[in-house]
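Two complexes, one shared chain (subunit A), two partners (subunit B, subunit C).
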Partner chain A sequence: MRPGVGVSGVALRLGAVLLALLFTTGILLVAGAPPLEAYRQIVVGSLGSVKKITDVLVAWVPLVLATSGLLVTFAAGLWNIGIEGQITLGAIFTTGALRLTMDSGLPPAVAIAAGLLAGILGGALWALLAGLLKAYGGVNEIFGGLGLNFVAVALSVWLIFGPWGRPGVASMSGTEPFPDSLSLPALAGLRLSPWAVLLAVGGFALVFFLLQGTYFGLRLKAVGKNPRAAFVLGIPTVRYMLLAFVLCGGLGGAAGAVQVTAVYHRLIPAISSGYGYLGLMVAMLVNYQPTWMPLVAFFFAALNIGSIQLPIVLKLDSSLAGVLQGALVLFVLGMEGVRRRLRRPRVRVGE
Partner chain B sequence: MSSEALLIGLAGVLAAAAPIVFATLGETLTERSGVINLSVNGTILLAAMASFGVAVTTGSLLLGFLTGMLVGAVVALVVAGFGISLKQSQVAVGFVLTLMGRDLAYFLGNPFMGLSGPRLPALAIPLLDGIPVLGPLFFRQDLLTYLSFVLIFATWAWIFRTRPGLSLISVGERPAAAYVRGLRVNRMRYLYAMVGGALVGLAGPAFSLSVKAGWKGTISGLDGYGWIALAITIFGGWNPIRAAFGAYLFVFLQWLGLVLQPSLPGVPSQVLQVAPFPLMILALLLVNIGNTEWVERTLAALPDSTRLFIVRVLRSLRASPPAALGTPFEKE
Partner chain C sequence: MRVDLRQIHKSFGPVHANDGISLTIPAGSIQGILGENGAGKSTLMKILSGFQKADSGEIWLDDRLAQIDSPQDTGRLGIGMLHQDPLDVPPMRVIDNFLLGKDGGLRPRRGQARAALSDLSLRFGFSLDPDAYVEALTVGERQQLELLRLLWLGARVLILDEPTTGISALQKEALFASLRKVSEEGRTIIFVSHKLEEVESLCHRVAVLRRGRLVGEAVPPYSTDRLVGMMFGRVISLGSRLETPPGERVLELDDVIVEDRRMTVGPVSLHVARQEVIGLAGMEGSGQQLLLRACAGLIRPVHGRIRLAGENVLGRSYHGFLQRGVGFMPAARLEEGLIPGLDLTEHFALTQPPSGVMIQREAAQSRAGTQIDAFHIKGTPQSPVEDLSGGNQQRTLLALLRDNLALLLLEHPTRGLDIESVVWIWDKLKERCRQGTAIIFVSSDLDEVRHYSDRIHVFFGGRVSPSLPARSTTVDELGQLIGGKGWPEGAP
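Moving on, here comes the complex of A and B:
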């Protein structure tokens, strides 16, 4: 979304949303499912009650944290697919820190703070690894990050079944749950912790300010647009690149820390819940600009939460949410391309 | 392990590598033309589901395989359309499609979950299958595995030994020069993206109708192979024979992990299962590190004898992508 998106831009975007809905409706018809009822279930399942809306916010928090981080790496021209692993490592570090402080008699508030910081550190270190592989090993961050994602999941599974396993009954259900005192306090009767929301808002504000209001952000974008020119102009490109990785990993790690301290209260095998990959889609949908990101992230989180109803009520797979999200991004990208083609003066040579 | 069991194991490795060989060959062709199709992982899942569904419903294996190839070609067409004609980032579109392909496969594959379907039978080649060692290794496979052997050399010969292959290389390396020479750059890129996509798509039924027959949704165990195939394409230096070697090496190591597991009780199975991924990073490191500036600088400071040796090793491993990979071609 460039600053000067005019009326035609809005119209094309609405067109993209309609096309995505049309496509998803087609898929539902192919599957022999009633489309309107499926959409109704998603809406009711995500916005139907205060409880549902707070559930959407529970998903919104890690998504916003991860996407905020990704906006930094995208600004530096990096495809940080390793974000999933960074979330996972954040969760692992948080779990480790909480286990260490659990029996030390530290006040719970200090223990939780230490857990969050450890999570941020864990994500940042995992991202730094991908950054070092790229900067000094020539390994494209997409493949380095992806490999590290699989390693991170294996590490968490190994910890859950091995050293951190529940005594006697180590299973996919995760590690022994932490006592309530080691959780971020939630609103009465709900799963949502206002502290987690605060963390997400803080993470987003930090990135917004960094990218829109500082020289650091400006230089980072210069590195992203043209690393060679930026280097010639005296910007230490490698250091900026690594810093972008560390910032993104730290925010991803914070997302993992929230998953442990506010959502699952333990380490589970799929702790990242795909929020990293979803964050990449959100970032694409807002054209890598922060302004509208929290809103779009809320919409995506609502789709995820709403689709949980589908298998229960309509015996459909909940992956429909992913189909709709993917179609949205795809058609928005397509419309952007169409718009560019229309604006460009047509010069046809040969062919 | 008896030598007979070893032979059967190795023959299994050759068969199990067939889908990965198809996918890497397809991606190699695609990337040689300058298009990067990142959707491989999702394409394989969608193609595996669709072809299994078609094969179960119609009872025809052939229709199943064709469906897989069609799915791959259509996904590739979307990547090419967005990347070439609409000038969008090929990486972005490919990534969206890889997630969407997976979700579509899980959503639409729901009714086929756990059904038993047809499976490609083994087809021993008479006379040749009697040769000691080579017979059981190469000539008692199924049709698809034979096809994978043939395609490795056919693709290599096409790229490096024919005139159209030379055109393909030029379109991926210097599209402007190729255009001036009269080649229709974008049309060729569409074509190779779709042919390559069809090969990637063939990997789907190669799994669901042969190597890992059936469709079991999220526990089909196919998620991840596409990414491995993309990495092997790089490891293979965009050369079909080297890429195939990478695919066989990968599956061999996977098999080795399985065989060795009982004798390594100290190593948890989760570690061996993901061993391919750190290996993939290591392989990419070996292939790429020779291209980095600091290595060149460090090498320059070494005495000649050691330097020349290291340079020779790095150079033999090194691979550079087609120069125009992922960038759209615009006529001035």
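Moving on, here comes the complex of A and C:
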């Protein structure tokens, strides 16, 4: 493996974080809000109590699942922007499976497991569609994914207002909530389900294992870095590309399944909550390498949760978290460019 | 413009690539820079053209100290470099590539450029279609385009880094003729090569580099022995073919026709037996690469039959061919052969049959180490392939080929290697033949084709000659066929 980021790299990254904070501070000043108070609110709102920390973990779970999947597609050189739709389809499939098993008399544990598996399947199929469009239809995965995202949202809204609507009062608030027995068991008095955390850790471990040590991961990287040469070297590139999509979609689908079984207990519009797009940012921020991903994802989740009380306390919109997250990604990528510029010319061997 | 290099030093880690090189090149001359791979030629030229910065030393242009920090600076100073791999942008048209790098407002002056391009083409006898896409051009034509572009941009010093690798004999003649013309206009030409014959026929003066030092200069009449002596410290010549009686047939083509957008190749019938070497000769782009790729299963012929060890494999995928013991080595190293971003160990892990799910990193690393030694690759198991020099990338490609292949298909197996390495590489390939492998290779180096093939097929504009025994065919006969003479009249 390549030598990692050196001391100067760490310094530049810290510099990027500082710049992002400065930038956000500037925006807060322009908006006439007290920056320090806003930051304090975010910290208190995310880490201030055990309850808050578990709330952060509730957001962390789908974010880690989606980002884990994205690390696979990024390794294969694919921009799976369709992750949002894959999360949504996961949620839809899970809801469908739970509706089917709800009145069948199956033990709740079996029903929940079936729901989770259905969610994984739904996300994987939706991703496979984007992959097939790319491999055989020549549709770039960014455009295909974006289109499929819209279709997925439309599908969920149609289900919520149509076939799966609440009797009499179908509304944006979603489908009829499932009984408690069909939820992933949560910790007493909290919203966090340890099972969901386990799922996220498992998904991350799987991806870490695949990318760091297996032939599968190495071939995937080869396909990502030079598909033509990978093909000539004997790697079935189309199959690996599709597998990357399926894996990512499956993990995205799992995120959707968790949203249904552990967070909302029903299907709502926008059930993906933007975790797919957020996952793209996390992946970029960690330079597409798994090692630091869970930590960065936790930080992003904390920003999301911490900013929830900004409107109440400071009359600020909670989108401040998004500003900070976006600025962070931009500055880190920018600093990466600076680092490449500063680095002395690479050693060319033998010439 | 006179170029004066003074005490140029450049190190890469422990390697002293340029060790105090001082050289004066008079205006209007064609200066040859000779040296084997790794002698420091490319580094010196990259420094002069601004792609790399010297550790110390000065560059004087017409008695003025030049401040060179980037290729943009050299462009302004009138230094233009023609790279080993043309730097054009393939998915664009010839005319758009021609316009690249030209200052001048928001709207490119296309009409003006078009006129300039056709003027220059006419002057040098090139035939470039301004509206053709660059990806459809041969390497030689891309080079012509780049040369015209640099002249149009006002280059007064032209650097050519191994310009004759990959172009046909005819294109080479056209290039040399145009270079002579350019030098008569008072422009300075620096011609980097490891091919003695070219340097001797073209250059007004020659400087020889060895291991980063300038070891000597020469002017015509040249003594080949002396030049070789300076380059290598001893005299060597190409080896010879194996001359073993061929065994059973490995590959048979019957009446095969291969097509792409530009040409139709064939119909051709050929076969190759165990231990046999077939050379495919011809100008670059005469159809030999298409046919070789059809033999690998990368292109499906539109007509005819392909059999591997007697089994009809027409329509099988490339991977089906690989499973039947076919190995293919492409000419485009970093585009088709290697994976930039992965290191040598990872390449060896990829190409070895996997044992289990987990990568056997240690096994791959030791294999990489063994092959690095065996193929004299200047690099370590941790070197990313893009950091290797062209010649070392070529060795890596050869080192990656699997053992015990039934059929080995090679595109330009020794392109960009010095003569010593060529001899050595072919020793390795002949060793494979002794173990039963059949080889078909494409090369634009006629000497290589003649020395190492048992039989030769010559390609010209998609037509394929019957197989010619290499032993009894003269250079003259081959040269005529390659140039399009001596073919039976009428379409095949």
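One rule holds in what follows: the second predicted complex is superposed on the first by the 340 of 351 C-alpha atoms of A that agree within 3 Å, B and C clash if a C-alpha of one lies under 4 Å from a C-alpha of the other, contacts with A are read in each partner's own complex, and residues count from 1 in each chain.
Everything that follows uses one rule, which is that contacts are C-beta pairs under 8 Å (C-beta built on N, C-alpha and C of every residue); 3 or more make two chains touch, one makes a residue touch a chain.
Treat the numbers as computed from the prediction; the structure is a model and nothing was measured.
K.L.:
Contacts for A:Gly326 in the overlay, against subunit B (first) and subunit C (second): which applies, first, second, both or neither?
P.N.:
first
K.L.:
Should A:Gly48 be classified as contacting the first partner (subunit B), the second (subunit C), both, or neither?
P.N.:
Neither partner.
K.L.:
After the superposition on A, what does A:Arg219 contact: first (subunit B), second (subunit C), both or neither?
P.N.:
Second partner only.
K.L.:
Could you tell me if A:Ile235 is touching subunit B, subunit C, both of them or neither one (first, second, both, neither)?
P.N.:
second
K.L.:
For A:Gly15, decide between first (touching subunit B), second (touching subunit C), both and neither.
P.N.:
neither
K.L.:
Mind telling me which of the two, subunit B or subunit C, contacts the most residues of subunit A?
P.N.:
Partner with more touched residues of subunit A: B.
K.L.:
Considering only the contact definition stated at the top, list the common interface residues of subunit A for subunit B and subunit C.
P.N.:
Correct list for subunit A: 347, 349-351.
K.L.:
Across the complex, what residues on subunit A touch subunit C?
P.N.:
Within the complex, subunit A contacts subunit C at residues 1-2, 213-216, 218-219, 221-222, 225-226, 228-236, 345-351.
K.L.:
Per the contact definition, I'd like the list of subunit A residues that touch subunit B in the complex.
P.N.:
27, 30-31, 79, 81, 133, 136-140, 142-144, 146-148, 150-151, 153-154, 157-158, 161-162, 277, 280-281, 284, 315-317, 319-323, 326-327, 329-330, 333-334, 336-338, 340-341, 347, 349-351
K.L.:
Of all residues in subunit B, which touch subunit A in the complex?
P.N.:
Where subunit B meets subunit A, its residues are 38, 78, 82, 85-88, 91-93, 95-97, 99-100, 102-104, 106-111, 184, 186-187, 217, 224, 227, 230-231, 234, 268, 270-271, 273-274, 277-278, 280-281, 284-285, 288-292, 294, 331-332.
K.L.:
So in the complex, the part of subunit C that touches subunit A is made up of which residues?
P.N.:
Of all residues in subunit C, those touching subunit A are 12-13, 15, 17, 37-38, 40, 42-43, 52-53, 298, 318-319, 322, 328, 330, 334-343, 346, 349-351, 354, 357-359, 377-380, 382-384, 387-392, 400.
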